[in-house]
């Protein structure tokens, strides 16, 4: 059914359009990393990496030498932009919680219509890896979640109430899936854009909560 | 009566002997500043100034030019020792509260036999200047108070219970007055040393609480 | 990264308004943004709450703001310095309010505001007048005061060098409250002694990352460092 | 100021003992004091509680300590990295305890320990499993968790340069937890890539003042920065 939806690259491209010039943005590990190459350099986005890099530059590839002192949160070699700087971990998370992140891009297991986010632990699991997700989700002005619309088993990941252990409550502002762009406002999912070739009704059926589709547009993709 | 006691310079000299090599020491404003010139440079004491100087050097005198960016807490021009550094105010007080100060030298209005310290506000006054005294008194491993044994009106300043507003509770470890050196242990004043020419009974009479004088020695002064 | 707004002192303070809470860096005369303060005076604002270590000395810094009638309340640790004559005059006449905060508690409250925390538990002030009206929390048999985080609408920060990205370094003990105040205000204005090019500041030595800075002025202050003693 | 104890990795860890709580700097492989860790392994300590961001990757860093059976408990934010095979093996067999702490909360708890605070109030973790057993405090209608300060008996710190007074600077993102761990342990051991003379480090750029350092080792790590990619 979702064969007609967006590819990961298309999802990442669409999310990248959401970032506004000069924003300070934290990018989580996993799917969010796919967004970075699509961000227009002319927007002068300042990327924050939780391990104390303010002004993280693009990933380095194929140089053969790895500088372990300059890795992203996903442990991949990166660069520092001119004017970037380094801080220690308490100062790095002070920035994240303190309101200076315009946006955080996070992966998700589930997102609820009240903005609750689950992305660190599976139900019933003994434990999970939180990393910095709880602090970043609670601190960023906007939390942009990127995930497939449904699980591999076909279960909806956009739900009325989380069944996975929460990461943070009431934080997600927008969700970017293979089927469309869903904003969260006043406790409701609002389908702002639907992927080309996908029916609005198909998105509603794949969503585990009420989906407002009154003002849904068809997403414009490049080319 | 206290005409036979120590001069301020003698009190300061005696307190200076108390500091052990390599200690990190905070020096308050007022009477404590008199101690610094008597500290043996060979002890390599590291002076901390609350305004973010770690390794504060001696006061500068008569140079004609004042560097307002390098003043002591008492707003007097100082220097930085080789290997000294600067931190911001939160980090400066983190050091003070965090247990890395071996000693603080503070002036006092009153000291109680349980170690309570009063040094910031007069009784009945609308307000006073705390500065960093509360944090430093609570954080330093040893609080060495320097003050005259009695007020100008002849009232004892070493008391059983504070009548002045407290700065910190149970913190003072030793008091250096014009009449002697008084340790505080297990809620009691212990007269360790008496100033030359002063009678032990005279000190007891000038003290507003029980004074243990069993092991009192006569203070040795230089020359 | 786009350059921050470089401006004049007058333009920098344009968006400041009456009744705002304002952080002002400095300890004694070190690290006081005197040109920005002067611009606030000239704007004739009213009802400001000023958070700073001192209440102004002689007729400089915060004393200027007090003199010009801009200030309703001062939050500080050391209000009654010998030279704080303007403050003492107004305070004794009941013309300005005062909240005295222990210096280390003030630093932590500001840092907590910048760090998105609700507050900190500190042993400082337990059993003193400062504890009045505050929650006491016992942990492992030791008492702590719950001290609330503090944020401001505006911060006036004095730096040594600024680059066009807003990165800051300070000079000696003029650092004091400036870096933590820059973290904890909604709009941060910097007065730097000099401006350098992007890349001139060592990324390892930048104390305040430019993300905290909203506007800056590059101007050498007459009354600042290295003045001739009176 | 007298020089700090300069020593070998073996001598540095001499006073460490079984059942100690130990801070270890690092994030991934950046800023991990690998030589000090190796010395701890060789000392064959038992029952250690290790506080670090990760639970060790492949067979380096904390994975070495786990492999040698030195560790009773790991306190970290990211235990289940793909490469944390040693930890996962032991954890699944019930041979090591785990406390998962959100990364920013871990940083603040350590800093609070260093700053002599009892704890901090953070919005992080409210309404999640992390809140279990913790006091919730409401301020102005927002809920915060009371997170306790954390201190350690020992800290193993990785720095870039050290001077004989113990002053430290770090290299790039290898800074991470190292400076705050150096503030919050009773005995702080530093492994620096190189040693410089007193005065060579700019007083404005020193990140960890020497007063926090008890002993140091100057040694270049094989597996650290600038290794050739596999």
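Labels for the chains are A, B, C and D, by order of writing; each one numbers its residues from 1.
Just so it is clear, a contact is a pair of C-beta atoms (placed from the backbone, for glycine too) under 8 Å apart; a residue touches a chain by one contact, two chains touch by 3 or more.
Here's who's who by UniProt: A, B = 3-oxoadipate CoA-transferase subunit B.
A quick note: this is a predicted structure, and the numbers were derived from the prediction, not measured.
Undergrad: Centre-to-centre on C-alpha atoms, which chain is most distant from subunit B?
TA: Centre of mass proxy via C-alpha means gives A as farthest from subunit B.
Undergrad: How many angstrom lie between the centres of subunit A and subunit D, each centre taken as the mean Cα position?
TA: 29
Undergrad: List the centre-to-centre spacing of subunit B and subunit D in whole Å, with centres computed as mean CA coordinates.
TA: Roughly 36 Å separates the two chain centres.
Undergrad: Determine the centre-to-centre distance between subunit A and subunit B, using the mean Cα coordinates as centres, and give it in whole Å.
TA: Using C-alpha averages as centres, the distance is 56 Å.
Undergrad: Of all the residues in subunit C, which ones touch at least 2 other chains?
TA: Expected reply: 108, 111, 115-117, 122-123, 170-172, 203-204, 207.
Undergrad: At least two partner chains per residue is the criterion; list those residues in subunit B.
TA: 80, 86-87, 90, 93, 96-97, 138-139
Undergrad: Run through the chains and report each pair that touches.
TA: Every pair of chains meeting the touch criterion: A-C, A-D, B-C, B-D, C-D.
Undergrad: Can you check the complex and tell me which residues of subunit B touch subunit C?
TA: Against subunit C, the touching part of subunit B is residues 49-53, 63-71, 75, 80, 86-90, 92-93, 96-97, 121, 127-136, 138-139, 165-169.
Undergrad: Once bound in the complex, which stretches of subunit D touch subunit A?
TA: By the definition above, subunit D touches subunit A via 27-31, 53, 77-81, 91, 98, 100-108, 110-111, 122-130, 170-180, 207, 223-229.
Undergrad: How about subunit B: which of its residues touch subunit D in the complex?
TA: It comes out as residues 21-22, 24, 44, 46, 48, 54-55, 80-87, 90, 93-100, 138-139.
Undergrad: Enumerate the contact residues on subunit C facing subunit D in the complex.
TA: Where subunit C meets subunit D, its residues are 108, 112, 115-123, 137, 139, 142, 144, 146, 148-149, 169-172, 202-205, 207.
Undergrad: Flag every residue of subunit D that touches subunit B in the complex, lowest number first.
TA: Its residues touching subunit B are 1-2, 111, 113-117, 163-165, 167, 183-184, 198-199, 201, 203-204, 206, 209-212.
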